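Let me begin by handing over the structure; questions about it come next.
Chain IDs A, B, C and D follow the sequence of writing; residue 1 opens each chain.
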Amino acid sequence: MKRKVVNEGAQKQTISDDSISQARAAFMASSEISDCKTIFVGIGLPCLVAHITQNYTSPNCHLVFESGLMEVICKTQPLSTASANIAKASKMHGSMLDVFSMLQRGEIDVGLLSAAQIDVNGNLNSSKLNTKSGKTISLPGSGGAHDISVLANKVVVVMPSDPRRFVNNVNFITSPNIPYGNRKGVVGVAMPDAYFSFKTGKAVLQKIYSDRTTEEIRSSLNWDMEISSTLERINPPSNRILEGADIFLQNN
Amino acid sequence: MKRKVVNEGAQKQTISDDSISQARAAFMASSEISDCKTIFVGIGLPCLVAHITQNYTSPNCHLVFESGLMEVICKTQPLSTASANIAKASKMHGSMLDVFSMLQRGEIDVGLLSAAQIDVNGNLNSSKLNTKSGKTISLPGSGGAHDISVLANKVVVVMPSDPRRFVNNVNFITSPNIPYGNRKGVVGVAMPDAYFSFKTGKAVLQKIYSDRTTEEIRSSLNWDMEISSTLERINPPSNRILEGADIFLQNN
Amino acid sequence: MVDKIMTAQQAVKKYINNSDMVFVGGFGHAIPFSIAQEIVRQKKHGLHLIKTGADIVFDMLVAGGCAQGLTCGWYGNPGMGMSNVIRQEVESGTLELTESTNFSMMLRLHAGKLGVPFIPSPILSNGDLAHTVSEIKSITCPFTNAEIQAHGSLNPDVAIVHAQRSDVNGNVQLWGSIGDTVDGCEASKKIICSVEEICQDDEISLTPHLTKLPAHKVVAVIKQPFGAYPSYLHSFYQRDEKYYADHSNNTKDALKTEEWLQSTIYNHNDFNSYLHSLPEDLLKKLEWNNS
Amino acid sequence: MVDKIMTAQQAVKKYINNSDMVFVGGFGHAIPFSIAQEIVRQKKHGLHLIKTGADIVFDMLVAGGCAQGLTCGWYGNPGMGMSNVIRQEVESGTLELTESTNFSMMLRLHAGKLGVPFIPSPILSNGDLAHTVSEIKSITCPFTNAEIQAHGSLNPDVAIVHAQRSDVNGNVQLWGSIGDTVDGCEASKKIICSVEEICQDDEISLTPHLTKLPAHKVVAVIKQPFGAYPSYLHSFYQRDEKYYADHSNNTKDALKTEEWLQSTIYNHNDFNSYLHSLPEDLLKKLEWNNS
């Protein structure tokens, strides 16, 4: 895998494009999380968001995993929501019921999810994909994704850059963007170059890294892309964050 | 308090009439509990039943208290369902929800209760008493009594000998003898001299200690007393049990 | 890490409002007497108290004029009998009492914990307690078509609780008899907790299975040794049995009750002052290892 | 004291019937591989498996021909992806899969634990997963008058589970990540449990807060060190990451899957024989203290 030099100092280090891409998406998502919030963390990219949030942007957040682990210090990448690395770095071992109950009570400020597909209305698909040849590919299913999307006070989705994942209509609505009561549902989706808000109900390009153009974003999606009149250009993550993310991703 | 000599051996010992009376009622109730059963134990006389059952008659029973204590060895009298003596002699500290859930799932074989009043239909009153002068005296209330009466697979009541407690109609139905589903409800009541069965729905004298007459029983109740055609005469508890009960009652 | 350590005075002043619905933790064990004393001292009033089985700490809050309502399944002095204080206040019309059963209260708090509007149960379908609590409604079960009772959720404004230890961030560790404490705290919107010891983060991380209250809703941590006296705390101290045995006499009428509040609460600026007024060696005799 | 110690062979033979509904304990942690192997070895069949998130032990039970149905919120290899085994069996019509969500499964097991017919929740009201599970029914909330979903209770015939230790009577102690294990066991009619260590009664009495499964419904206690291998057990051993990483390739088609079952199960009379076939020093390297 191609790795590029990101630190010209004493310790020369190379980081793969894939790692940088994940860190950029995760850092973009973490910009949506203010300090002291309680976060329900899914597996995959959401864990990197949690790591960056806790280490660089909002250090007093409370991290909760579906297995029942609470008050987790997310130092290394967990492969499952019950992995030993996060179980050992947790201050409270509750049950799955305990943490989903927190979610249902409305005490989860932010749900962090990924998905196979997201549509322009913020609906998520984790269940099945239709191929061009007409076949259906089964995926592992909702897990807690549907529940988090309905019950978290707000949901931030984080996705790799892949046009097949950003579609106008998902093949299957596992997690509908129809939140319970006055909760906010999917408020946005972060990807390696940009962040889309669903404030109006429909995806609008809200933030873009200063090293990218809106045309580059448009070509990386299968969406009819709208651009906010208040589009923000923000700085990409620092080398320190990219390095930290790379170490996180390598240690699981 | 008057105490009588019950052991002429090396260690002379005196036991109060009250202690003997409680032990006789409790032993009578324990004769209704077979081995390896799971028992939900109320405070007061039910604890003495549990002690006698565990130590003398059915040693493999599982004792459960409302506070969430399970697998308790009931060595000394607890004043509350969460007392330190039973907490220290417990093999499992669950919650109140855990034990009431066992009850609701139908896993409690025997609920052991006492009450201020019991009527001929097995209804129990723990809420309020009407005095002859027309006043109402408030009592501490149901606690778990209503719940146990409705949800235990069968309920055995144990009462002191006091005619005011055995009435044709209780002043207030805290715990109706209307069990849930196919559970059996209040199957009987033990008192210091006898045991009444509610098999037919109405109290019938079923067991009597061999040192008592049915006329003595009748005069100790405010019930229209029926006598079973299969009345059993059983031996009162041994001195060993009376002594054990006395030690239990003195150590709380 | 957010430091939540404060005094009982600060915590009660800041986080308990008049007319709040208050869940009182502790069940025969770990009863939050020190926080309850401070609520009386600050003359909070109009509180609606919530409990399964309400023990003598409720006499303190009611006699102190703090409570307007009490919803519970039982009230009194466990193993001893009736509460004179509550009986008198109910009879004189100054306390609104709603009686149900311990399991119904437990289910209602548990529904609050789960974040659901109710839990169905067959209890309170029959008898003189049925149909007296307005938050319990008959429904038809969609699976069995039988009538069943929907026990409506309770989400108290605040829970007060005592426990063995916590870190400064509110990772509270509690063990021993649990009763309704954890469900009641989880159902409540915020938690005020007193503890015997403040410990380091890394000590908590070594025993995460003992952490029972979620830090994100613990708003105040009060360091108060013997904070559950005269009740007991598993591994720390035994119950003062004489205190409980004398309680009925100490509260047998309004005059005696006022003397009791005077000597235990009003004569003292805080709980430590009260502890110092106890007979010498009493607390030493109550140490857990002496049991 | 009733002695419940027996072998996995005896426990599976005596307590698991064909066509039983089976809850499988362990969630990313403490997965009962040794009991699952024995179920495959004894060719139990027609089982209906129940789980929130179903990991690779389900591939073993499904590939072994034991399962007729699977009801779950997720299935696959955590962090790795799809289960080839389950996908193939579903496509060929030999496995009936009912998909919902992890929380819905949790609520249904919890309703089973509580002994109530259902728990209401707003989840599964919308989207393509809504209205696909027949045991989830729309009702009107008697308090809010809003539509809400009644998630019907599950009470499996038997739970299989692995834990750290137990006494001979079935007071099972479990710690570390809990997931759905305790609720699933409480909901089940009986529990078969394997443990690393059998300990004395008095050891259990010293740590009653660690006892998680109620002895009265534990019917069999199996002493099986490394009984959760290749998953991990808190305080005892780490996960065999290579096993999980290789799993997708080991089950990529029917032939490979059959080889996998052969080498891990059919070639061995029991789990200890399988453990002995593992590379020398592997288990030693996985010891908890080496992590």
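As a working rule, a residue touches a chain if its C-beta (ideal position, glycine included) is under 8 Å from a C-beta of that chain, and two chains touch if they have at least 3 such contacts.
Because the structure is a prediction, the values reported are computed rather than measured.
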item: Comparison of B-C and A-C by number of C-beta pairs in contact, larger one; value: B-C
item: Centroid distance [mean C-alpha coordinates] between subunit C and subunit B, Å; value: 29
item: Euclidean distance of C-alpha centroids - subunit A vs subunit B, Å; value: 59
item: Inter-centroid spacing, subunit C versus subunit A (mean Cα positions, whole Å); value: 40
item: Gap in Å, rounded to a whole number, between the CA centres of subunit D and subunit C; value: 38
item: For subunit A, residues contacting two or more additional chains; value: 87-88, 93-94, 97, 103-104, 151
item: Set of subunit D residues in contact with two or more other chains; value: 110, 114, 116, 121, 175-176, 209
item: Chain pairs that touch, as defined at the top of this document; value: A-C, A-D, B-C, B-D, C-D
item: Parts of subunit B lying in touch with subunit C, wherever the complex brings them together; value: 43-44, 66-69, 78-84, 87-88, 93-97, 100, 103-104, 123, 127, 138-147, 150-151, 172-176, 178, 180-181, 252
item: Residues of subunit A defined as touching subunit C within the complex; value: 36, 38, 60, 62, 70-71, 87-94, 97-98, 101-107, 151
item: Subunit B-touching residues of subunit D, taken from the complex the two chains share; value: 1-2, 112-116, 155, 167, 169, 171, 186, 201, 204-205, 208-209, 211-212, 214-217
item: Complex contact set, residues of subunit D against subunit A; value: 27-29, 52-53, 55, 72-76, 78-83, 87, 90, 99-104, 106-107, 110, 121-129, 175-183, 232, 234, 238-239, 241, 244, 291
item: Touch list for subunit C against partner subunit D, complex; value: 110, 114, 116-121, 135, 137, 139, 141-144, 148, 150, 152, 175-176, 209-210
